[in-house]
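Following this line, the structures themselves.
Two complexes, one shared chain (chain A), two partners (chain B, chain C).
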Partner chain A sequence: MADIRVLIRASAVHFGQCLQAALMYRSALAIFVVSEAFAYAGIIAFWYGAANSNPNQAFYKPMALVLYFCLVSFHHGIQHHASSRDIGSDIRLGKLSYSIVRPFPFLLQAGLRSVAFTLTYSLLLAPLVVAAFIFVPDLWTTFCAGILPGAVWQYPVAAAIGLTAGWLVRMVIGVLAFDMAQIWGPDTCFIALYYAASGSVFPVDLLPVWALGIVKWTPMYYMVGFPVLTLMGRLNPVQFQTEALQGCVVVTLTFVILALMWRRGIKVFEAIGI
Partner chain B sequence: MIKYYWNLFKRIAVISTSSMLMYRSNMVFFLLFESFFLVANLGGLILGVNLAGGHLGGWSLNEVLFVASIYGVSHQFFTTFFMGGLFSVGWFVWSGRMDYVLLKPLHPLISQHAASEFIISNTPNLLINIGVFIIFCLRVSDDGVTFTFLNLLILAAFSLAGLAVRYGIALVVVAPAFLAEKLAGGEDAYWALTSLAKYPTGVFPRVMQWIFTFLLPLASVAAIPAEVFFGKQSWTSAALYLGSALLFSWVAVKFYEFSASRYQSVNSGA
Partner chain C sequence: MTETIIHVKNLVKTYQTFKKQPGLAGAIKSFFIREPVAVHAIKATSFEIKRGEFIGLLGPNGAGKTTMLKMMTGLIPPTSGTSTTFGRFDTSRRPREYLRKIGMVMGQRNQLHPDLPALDSFRLSQAIYDIPQTQFEARLNRCLDLFQIHSKLNIPVRKLSLGERMKMELILAILHEPEILFLDEPTIGLDFSAARQIRTFLAEANSKFKITIVLTSHYTKDIEELCRRVILINHGSLIYDGPLDGVDERVQGERQVVVTASDPKSQAEILNVIKSLDGVTVVNGEPSDQKNNLPALEHAENLTITFAVPARLVGETTKKLLNTLAASDIRDLTISERSIEDVFSEIYNRAEVSPPANLNSTIIGGSK
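For the complex of A and B:
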């Protein structure tokens, strides 16, 4: 029992420190927010133009695409993209050697860093989304028209699955550092797959059925596409339940892979560092 | 003088090659990453143009993909030869390594590249993207676009100006590192901003077109070279766009020089 109390207290302190550290780098935050806002403004303009120039298509109305990318920019922004590189360098540089004598698990520290990052960026980006709803004409109306009665509980479930999938898959890439001199290569491959399968640069449900079937078995789809489509009411209750179940399976498999890789890696870890 | 800089270039290339060959897996991962990235980019554009009914802002699918292929070559060229040097500026400043970069008897930017490496492991991707560009050249040629030595030369000149814009954007986002204890967001900002350069200018609203042409001339990276090549721009407009691209790049270099002059060599690296 005492161990659990220590764990909870240490986790709370660590979480607070992560929040403080994230907020220290305000210039980095400002550059990130401004450049991402520019990038998404361009993506929205491209897709709005695409939908607007073809009045015959009914799959995505122009404003629905604006809404899609407003929500995507938020869900993309709260992903802790650097966590795999942090874990990888902690292992390769030998920081893990003193982290494992602490009274709480190394991966819990990494997990808390990601949770703190997500919370920080949620707080920072939420006002921008609210401002978009206020100042972009018809955005709120489009949102209200699409939302389904079950979204109140469906969205938190979808977001939880997505965030967990994102944190876990980046940990998997990070612990590859037990066997590799650097994890930069796998990490960049993951980023490319993330862009292809998450729906962060194009509406994921525009993919052909066979391709959509494949991406739904990857964690990337659940990180952005799934919560956004749920929030927009583009998944009917049966589709939501099927995909939520599929997402749980993907998260569980990712966790099992992480556990196996960690167990194997910690046995061969030599605490030398490079 | 030219011989001196040529020898410097060769020296960086030799060191980069020997260093990169030590990490052979990088080449495989880079190839996988850029291949997935290329497929995602082209796939997204195809989905967009299909949603638009086959034409977008006066551009056919092949023309849109031709723009994207110019963007791809420019992206890979930047990644191979300039990324390593420019994106290590933040780390050099933070760790204090910038001290000896600035002590060298060279321009700070050349010195920065000389202290870094070319990403030689990206060369296969550069070649793949050149291949993709040739494929889309053939496809627009089938659509009736005429290729002459002159318009290819013009395309090359405008694409080089686009590369200078890429370089300028990278300078603008990494230079603030000289003014901060630690600045890590520059690289991400560069990727976010330049991702917009793959779209034809016509898809953007007029205000954004103006911004992307004169203020942050992302359109000069791929869209304007293609527009000039297809004859969609008058010579006056083309000269204006070329001028704005070169002016932006010059201002970016000056901004970098100004920021470097503020370097205090007191960063902790902690």
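For the complex of A and C:
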């Protein structure tokens, strides 16, 4: 019990320090947010145009598309920030060494670091969102009309599942560094799959039914598509429950894979030469 | 009877790597076929360390010291064998109770968060090891006093100099009052005064707080001042384990004689004479040593023979040597005291040419 108390206190301190560290890169973060704003604008403009030229998509009328991609950009950014991509270099460059011989679990540290970075990102994004609502005419009414009231409790659940799934997948890729010198190969594969299955480049429920069935068994779907579709009221309560459950299964499986890989990896870990 | 705190038994570490021929062609070849090579970093090694000891783990570059230290801390698992700590913990399993009792500093890596001031890392340590506030402050202040480094406490670690960072690393490693401290080259790259402060710090940690310390260092000063017992490793094998006095006796009691011959022919002759003398150990000058010399140094270096002789015999030995040889054979002759480095490098060199087993007793007069 005392151990748990110590662990919680240490976690709180570590989390606070990660936040501090994240905020120290203020110029980098500011630039990141600005570039993000341009990316949002680009994506929205593209889909706005695409939607106008192809009005046959039953649901995705122009404003729905704009809404979809606003939400996607937000989730994409958060996923990007929460990503556990540092883990690979931690392993390869020996930063892991000290963590291993301290009584504070490394995976917990990595998790807290991700949460801290996600939080910083969300905080930095807030002014951007506020600015959009102030300066884009009618955004408030159209945007909010697209989000259904039922999503108020569903969305946080969906977002939590999505973030966990995303974090775990990146951890799994990072942990490959125990066995390979460079993990950008698997990382590139992951990004390709992410584009195909997450709904980050097209509304994921436009996929044929059979493909959607497959995609819903991958963590990528839960990273972006699931929370966005939930927020937009594209899933009825039964569908939402089924997919949330399915998402939990996917998260659990990914976690088991990570735990096995970690246990094996730590046994073959050779630290770094020097 | 003091308790055995670390028990290393038949520890072996074999690293698996791949051989790559140099150049692009090699890279392409190794892209398809990789030739695995086993690096035998540590060959079956056993020793015990008692509570309160200050051990110097020595050996030339690549000897396996860091590997040994990593296995002793539990950072990497051994290929075979065990390292047991406090009589009950298998270090490779890293039980939490064990981790709370050790500290580690590697001169080449840092534990402090680079972007935050050292104080933040200390605070994290306080939380992880559950150190009460009053004790935390007392310990921290004592360390800061010793290092005179109060003013650097709130500066991001990234902006500290090497010596300042090293001091902070040491403070971090010792804040939770570990029972064993593992140090891998903590004085690397430090100026003499910083290195001296660190030595004082370590000596105090060992004598006042009874922390058992295992240290690797290439600076003989660290070893001479701190370690009462040394463990020498070369090519992954233990070649000497015993008090530093054993080495010291040879430093005190022996003289080093360097003879420079006028030509290779005289050199062979001189070598023969030296070998026939009593109590003499040839350190350098055997034909097998010549391969170590660079071609450019042929004339200056290859003609010298270095040998060690007990101090009481030095007059007799040189007299015999000079009487037997013609004056024209010898270009130069110097007699000097031996340094601890001379003795170590002699031991390392010997270990390369003869099997290490018998060195334990013969080279240093083995007080095992």
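Note that the second predicted complex is superposed on the first by the 239 of 274 C-alpha atoms of A that agree within 3 Å, B and C clash if a C-alpha of one lies under 4 Å from a C-alpha of the other, contacts with A are read in each partner's own complex, and residues count from 1 in each chain.
Quick note on the criterion: a contact is a pair of C-beta atoms (placed from the backbone, for glycine too) under 8 Å apart; a residue touches a chain by one contact, two chains touch by 3 or more.
Here the structure is a predicted model, which is why all the values come from computation and not from measurement.
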Query: Is A:Val13 touching the first partner chain B, the second partner chain C, both, or neither of them?
result: second
Task: Applying the touch criterion given at the start, work out whether A:Val238 contacts chain B, chain C, both or neither, answering first, second, both or neither.
output: neither
Message: For the overlaid complexes, name the partner, chain B or chain C, with more touching residues on chain A.
response: B
- prompt: Given the touch rule stated above, what does A:Glu270 touch, chain B (first), chain C (second), both, or neither?
  reply: second
Query: Just chain B (first), just chain C (second), both, or neither: which does A:Val152 touch?
result: neither
- prompt: So, A:Phe104: does it touch chain B (first), chain C (second), both, or neither?
  reply: second
Task: Applying the touch criterion given at the start, work out whether A:Gly94 contacts chain B, chain C, both or neither, answering first, second, both or neither.
output: second
- request: Under the touch definition given earlier, write down the residues of chain A that touch chain C in their complex.
  value: 2-3, 6, 9-10, 12-14, 17, 20-21, 24, 94-95, 97-98, 100-104, 267-272, 274
Query: Taking the complex as given, what residues does chain B use to touch chain A?
result: 23, 25-26, 28-30, 32-37, 39-41, 43-44, 47-49, 51-53, 55-57, 173, 176, 180, 182-186, 188-190, 192-193, 195-196, 199, 203-205, 208, 212, 216
Message: Could you list, by residue number, the parts of chain A that touch chain B in their complex?
response: 25, 27-29, 31-32, 34-36, 38-39, 41-43, 45-47, 49-51, 53-54, 56-57, 59-60, 81, 180-182, 184-186, 188-189, 191-193, 195-196, 201-203, 206-207
Query: What does chain C use to touch chain A in their complex?
result: 15, 66, 70, 73-77, 94, 96, 99-100, 102, 104, 106, 108-109, 111, 113, 115-116, 120, 123-124, 127-130, 156
